[in-house]
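Presented sequentially are two complexes of chain A, the first with chain B as partner and the second with chain C.
Up next is the complex of A and B:
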């Protein structure tokens, strides 16, 4: 755990430096949502009904694109190979990277989501709940993206490949994420079956993604 | 700088062969490295020196034969002793956005050096590799040789018994290479073992093993 904390501290330090990537996800999220709003047009009803879908699509793509090369720098400069040889396990490494993505990509987006939803004409009293729903589904998005990134670490154009690999696995959280927000906005039900399935998807990925990602990283080093 | 290792580790390879992408790269390597001993791997480019180091580091499995390890006079086991490996690859793993000091602090923590001692220990290691004046400089601004020196400082911090090194003195000037030799000599004097793939001399008495 000391090691995981040291790695997280180091990577947060790098992310906050100039050229670091802490704002990529929130930038992409905001720009995607703003452009989607422009594309849909000024019809407020159309905007409001598109809001949940745009919110989730923007989040899914922002996470995919920022996470796709998470392991790339460590792979290229040999850090990953060294850590794999010198540390007993790569689990703390993967845990630290997950925390890093959660803090630098997922959390800012969840915080920005009420602003985006306001722009799309969602009622103010529903904004907070909708952001919480995004937070419930975010682990599924993050861990899917990290697993795909682990599978493609060290490959040329691996980032692009990671996005392609992750795409089909993003369908379930997208479907239930959008449905849960729609149910919440239209009927006021927060803990709908859709929300529970969304939470289950996040838990499912939390259990499956770490061991398989660690194996994938080790295979990448062979 | 001699640090006497409480564990004495011996590495033994018996008729080891290694494949890469289905092709046989290394065959028939017989090698025993006892505490205090250094082995220098020689061979043409592509002969499999790095492959062999990766095998000892646990990244590859032997296609033939077996690698085994022994702590003190204990039994031979196929698994590497916990926290025994120091791996120096041909790239120095220093993050360009962080300073030399910050980079080494991370590695010091990865070797579980207690928080109260980490700064002192890292400054000591920087001093030994002649990088004290550059402690606050970002690694991205350092030359290849200077980043290499930082990687050697990492070796000092690690206090691991088994040093696996791929071209440890690459890009380092003549005086620096002497320093690397002295640091490896200190490691051997403490009972450690070193296996280095290099075209240069190691700067320390070592056994030569020609591969390929």
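Up next is the complex of A and C:
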């Protein structure tokens, strides 16, 4: 735990200092949404019906792309090799990285999502709930992305392969993420079955992703 | 059982017998299935002749899923017992599996055009087969991205297992999301609801696809084993002048 905290502090320090590492995800999220808005056109009904889908797609890709090289730097400079040699397990390391992504990529995006949703014509009183729904599903996105990154970091195959590998696993959170926001906006039901399943997907990925990612990281070091 | 046939010599002895037999079964039942499906089986009173696409489409869709289950099972064996042959079998199954998946998607589109009036419908089963196809592509990309096959196998196992765990969830999600497709009409508690004259070519082609898959996987594994032996021989061989090296492949043993 002490180790994980030290690592997280170090990585947060790096993210804050190095030219706004924490800013990329939120920037990508906003730019993607803005381009989607331009592509769809100024028609308000079309924008409003696309809002949940754009919100979730932007979030999924922003997280994918920020996570893609999370382990890469530690692989390259050998620090992951040293950590793996002196630590009994890489779980604390993976936990620290998960927290790092949650704090520097997912949290700013959840905070930015009300702005994007407003631009897409979502009613102001629904904005907070929609952002909370994104926060409920975000762990599933983050952990899927981390798993794919852990698998490809050892392959030294670049971030695009990670996106290809993660794509099939993104389908369930995308489906239930969009459905839960739609149900909330149209019917005003927050704890719909879709929301509960979305939460279940996040819990499921937090059980599935860490052990397999840790195995993949160890493999990559060999 | 796995340990017995993880010995390459024993495996090759067995595969040498099964592979030709599988090919003969494939050729015979494919012939029966195609002839009966095209000429004997009646056309559907609603769908007309386009119902015949079913004989190609349904077995392909089943095999798409069955091949991935095979890959996952072999990856599990490889993961737990570290059997080299299991990894080779999983790898040899990937390309046929992806081909079956692509065939199911293509024939689905061809059938969908006259029936639904569109090449592609975002229907639950079509969509989950498409996601399965992406899973195959990712799996094959992993094998391609590492030079050392033993190392690639260990990455591929992880993806196959995580993929297999996720398939039911993807299927469930897509079903929830949308379903226009007709409900299952062959395996039902009250017996099949399609006529026997259509069932015979259908099952003949199911057997043909399975036999083809068996033949392809066994042949793939045997080719891998032979390749490996050739490489090992090349490594052991004394170094030669540059001009002579290409003779090694054709050298009598």
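One rule holds in what follows: the second predicted complex is superposed on the first by the 218 of 222 C-alpha atoms of A that agree within 3 Å, B and C clash if a C-alpha of one lies under 4 Å from a C-alpha of the other, contacts with A are read in each partner's own complex, and residues count from 1 in each chain.
One rule holds in what follows: a contact is a pair of C-beta atoms (placed from the backbone, for glycine too) under 8 Å apart; a residue touches a chain by one contact, two chains touch by 3 or more.
Predicted model only: the values in this text are computed from it and were never measured.
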item: Chain B versus chain C as contact partner of A:215, first or second or both or neither; value: second
item: First (chain B), second (chain C), both or neither touched by A:155; value: second
item: First (chain B), second (chain C), both or neither touched by A:3; value: first
item: Which superposed partner A:201 touches (first chain B, second chain C, both, neither); value: second
item: Touched partner set for A:91, first chain B, second chain C, both or neither; value: neither
item: First (chain B), second (chain C), both or neither touched by A:167; value: second
item: Where chain A meets both chain C and chain B, residue numbers; value: 222
item: Residue ranges of chain A in contact with chain B within the complex; value: 2-3, 5-7, 9-10, 13-14, 17-20, 73-74, 76-79, 81-88, 218, 221-222
item: In the complex with chain A, residue positions of chain B that touch it; value: 54, 57-60, 82-83, 85-95, 97-98, 102, 106, 109-112, 158, 160, 164
item: Residue ranges of chain A touching chain C (in the complex, touch as defined); value: 147, 151-152, 154-155, 157, 161, 164-165, 167-169, 171-172, 175-176, 179, 197, 201, 204, 208, 212, 215-216, 219, 222
item: Chain A partner contacts - residues on chain C that touch it in the complex; value: 131-132, 134-135, 137-138, 141-142, 145-146, 151, 154-155, 158-159, 161-163, 165-166, 169-170, 172-174, 176-177
